[in-house]
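Please find the structures below.
In the two complexes below, chain A is the common chain; its partner is chain B in one and chain C in the other.
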Partner chain A sequence: MTAEPPDASLTAPYSIEFPYNRTVGEKIGTFLGGLRDGELYGVRTASGAVLCPALEFDPATAAPTGELVRLTPSGTVTHWTWVPTRPGDDIEADHFAWALIAIDGTEGALFHAVDTGGDPSRLTAGLRVAPRWRADRVGSIRDIVCFEPVEA
Partner chain B sequence: MRDIAVVAFAQSPGTSADRRDDMAEILLPVMREALGSAGIDRTEVDFWASGSHDFHEGRTFAYIESLDAVGAWPPISESHVEMDAAWAAYEAWSWLQLGEGEIAVVYGVGRGSLATDLDQVTTTQLDPYFLAPLRPHQDALAALQAQALVAAGMLDEKQMAEVVVRARAAGMGEPGAQVSGEVTVDELLAAPYLASPLREHDRGPIGDAAAVLVLAAGDTARRLAGRPAWVRGADHRMDTHYPGTRDLTRVDTVTLAAAKAADQAGFAAREVQIAELHTEYSYQEPLLTNALELSGATVNPGGGPLVARPTTATGLIRIGAAAQHILSGRADRTLAHATSGPALQQNMICLLEGDR
Partner chain C sequence: MSTPPTPSTPPTPSTPPTPSALPSPVESFTSPHKVDYTFVAGTGRSAFLRGLQERRLLARRCPTCERVYLPAPEFCSRCLAELSEPFELAGTGVVKTFCVVNFPFPGQMIDPPYLVAYIQVDGADTTLMHLVRDVEPADVHIGLRVEPVWCAEEDLDTSMNSIRYYRPVAGGSDA
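Presenting the complex of A and B:
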């Protein structure tokens, strides 16, 4: 063993990746494909409710979900947390919140970032929001940069 | 059901970062202490189960290194869970229930300090399509749950600070504590948000530590301990992985796991004297206490995870601490809770009892 400072073990930078292509199936595939096209899809459960994001199984009953439903891409903030921006985040410094957003006509909520222009006091339950789409979309949840407030 | 008991427990001192020792070196003294207090050597152990997380070490099968502290020659019967070692304890308990052997050793090694940015690591445990690509802050989902409770009028920031004040005072003199001391609610509420409504102190401090638990069955347990801590009931339940489909103000999996454990134990959570709760965040204590109806029990008398949260060992330490109260004669009935996944997604309840 070579001598090391007593308080330093070996360290190296992380590189975390998932370097595989994977078929995601009809439900998630349609949802992700919709994002690439700038559209939002949900999926209908046996009880008639629509879930967004589109899940393969109903979390309430574990039954397979049914038809895919094209949604109006707007929604309402239900819960939020204001957090610091990090390197690599796509929205401006000090504009960052994570939120649960109930997409119109659906049950439950979608998790995504919300940009209120740097003003945390604008985040309230009931804030109406819509997606800010990325210009070069690839079929990823990140095709939505974030949600932002819309005028009522 | 076979009678299975915790007969010994040991844990390393709480440290925020141990960069001097490797995984085996952190574990070895703790392993010696636990086996020593049970009065056994390694050849008497029928089964080994461990919990740790490769991503903290940044390489696959990192836990293999910990086997240097176990002595895996000749070949041993051994298993590993890629999560908190509380789930390894559940596996070992099930293994002993099946009658496969008499003595099992469970250990957890947490090395949460190794990641420069733990946000990189924690997001890998999330849904790979809807959550992980967004790489949410490690505290974001907990903060959403706390905010949901505040919005529902079930909690306020002062109550969260009061939990921290009590935990830090309780941690004074505890070797396992990373932080402790006398602080006031006003001091705490003056701190900036980490992820609103949570502040830094509302989150248990991540650290590096090891914990070792010795389980034994029936007469073997009676031989190895003066007063075995019998695991009378154990159950774990999990909620859906996507937080947007849950009512974050409820922890029905806790209630259900507690009811199932009570069915086995013959006594309920509310009948215990001491409860060791895996509260990774301050807001979780009132939520769990209410779900378990713990009005009469002392909760986390040593400060709990809010004074030390070694990754993948914290849940096991709850079981060990709950057992220690019985082994030492401080209590007759105790409860241990462990959690895994974002915003209390998975929950385990163990009910323990000593002979009177």
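Presenting the complex of A and C:
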């Protein structure tokens, strides 16, 4: 006990932890398996469109999605927000952006980090990007460290 | 500003051929969630916690609506009026609702089965959550009269753990 006024508020350190383990569906499971292999996959809907990231059900019709389609791992930033700092982050640059990335030939957008080497002026809607893959991949969205600009 | 990192995998210029074999699917992944934080009791609840260290249950009353809070915040949650000075309750109470925990889970402190109850301490309009022990779970029911079992002197603290558990009042009749 420290010397404190008799009516001072008590405080205590708390830690709360939920060790969740979640199952993924067949399509998302293959999408994650693709990431482990360093490949990006989308899934085809009844209308013929390809969704990336893959979903188990077509959000437009609620029908089960179809075949998995291997994609060219490049895309275009559609929206982004700059993150000045995030302690302990894997990205070597001090600064990065969260972005929605439309993968080429697909509908929807993949939410991921974009590393422009700390320079926010390089980020624009329309910026062409490609994934930087982790060397040791396990089948997780984190198998992509981040996306980074590619020269046109 | 640092130098842009070099891509480890250059982008492929054209759509690659779809391989005949798909990747073997991932079936599940861990999604742990952890938050470290500091709980600030506030001056109202701190008075309650300091009372527990002296084996006293300190309640406070709303001057407007007469509601008695245990534990008590600083202000009535209905009227926003500042609550009265703390006063002591005897400690006995009644089980308002309860749950028998049969299921083990990570971080569990007590071996199941055990019984957790909402206890309305006599004189209070609110309930406390605590263990009910020294009784077969099948013999616990809503309305059971209970009393606190306090820690040994050296274990008393500004914590709900100063009450080890509640148990049925010997020879007590139901509320």
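By our rule, the second predicted complex is superposed on the first by the 127 of 152 C-alpha atoms of A that agree within 3 Å, B and C clash if a C-alpha of one lies under 4 Å from a C-alpha of the other, contacts with A are read in each partner's own complex, and residues count from 1 in each chain.
Just so we're on the same page, a residue touches a chain if its C-beta (ideal position, glycine included) is under 8 Å from a C-beta of that chain, and two chains touch if they have at least 3 such contacts.
Keep in mind the model is a prediction, meaning the values are calculated, not measured.
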Exercise. Answer with first, second, both or neither: which of chain B and chain C does A:Ser140 touch in the superposed model?
Key: both
Quiz item: Which partner does A:Asp115 reach: the first (chain B), the second (chain C), both, or neither?
Solution: second
Quiz item: Does the superposition put A:Leu55 against chain B (first), chain C (second), both, or neither?
Solution: first
Quiz item: Where does A:Phe18 make contact in the superposed view: on chain B (first), on chain C (second), on both, or on neither?
Solution: both
Quiz prompt | Partner contacting more residues of chain A (chain B vs chain C) | solution = C
Quiz item: After superposition on the shared chain, which partner residues are touched by A:Ala125: those of chain B (first), chain C (second), both, or neither?
Solution: first
Quiz item: What is the contact status of A:Leu32 with respect to chain B (first) and chain C (second): first, second, both, or neither?
Solution: both
Practice problem: Identify the partner contact of A:Ser74: answer first if only chain B is touched, second if only chain C is, both if each is, neither if none is. | Solution: second
Practice problem: Determine where on chain A the residues touched by chain B overlap those touched by chain C, and list them. | Solution: 7-9, 11-14, 16, 18, 24, 32, 140
Exercise. Provide the residue numbers of chain C that touch chain A in the complex, in ascending order.
Key: 1-5, 7-12, 14-19, 22-43, 45-47, 49-50, 106-107, 158
Exercise. Quick one: which bits of chain B touch chain A in the complex? Just the residue numbers, please.
Key: 19-22, 55, 58, 114-117, 119-121, 124, 128-131, 133-134, 136-137, 139-141, 143-144, 146-148, 151, 193-198, 240, 242-246, 248
Quiz item: Which of the residues in chain A end up touching chain C in this complex?
Solution: 7-24, 26, 29-30, 32-34, 36-39, 41, 68-74, 92-94, 105, 115-119, 130-133, 135, 139-140, 148-150
Quiz item: In their shared complex, at which residues does chain A touch chain B?
Solution: 6-9, 11-14, 16, 18, 24, 28, 32, 51, 53, 55, 59, 78-84, 86, 98-100, 108-113, 120, 125, 140-142
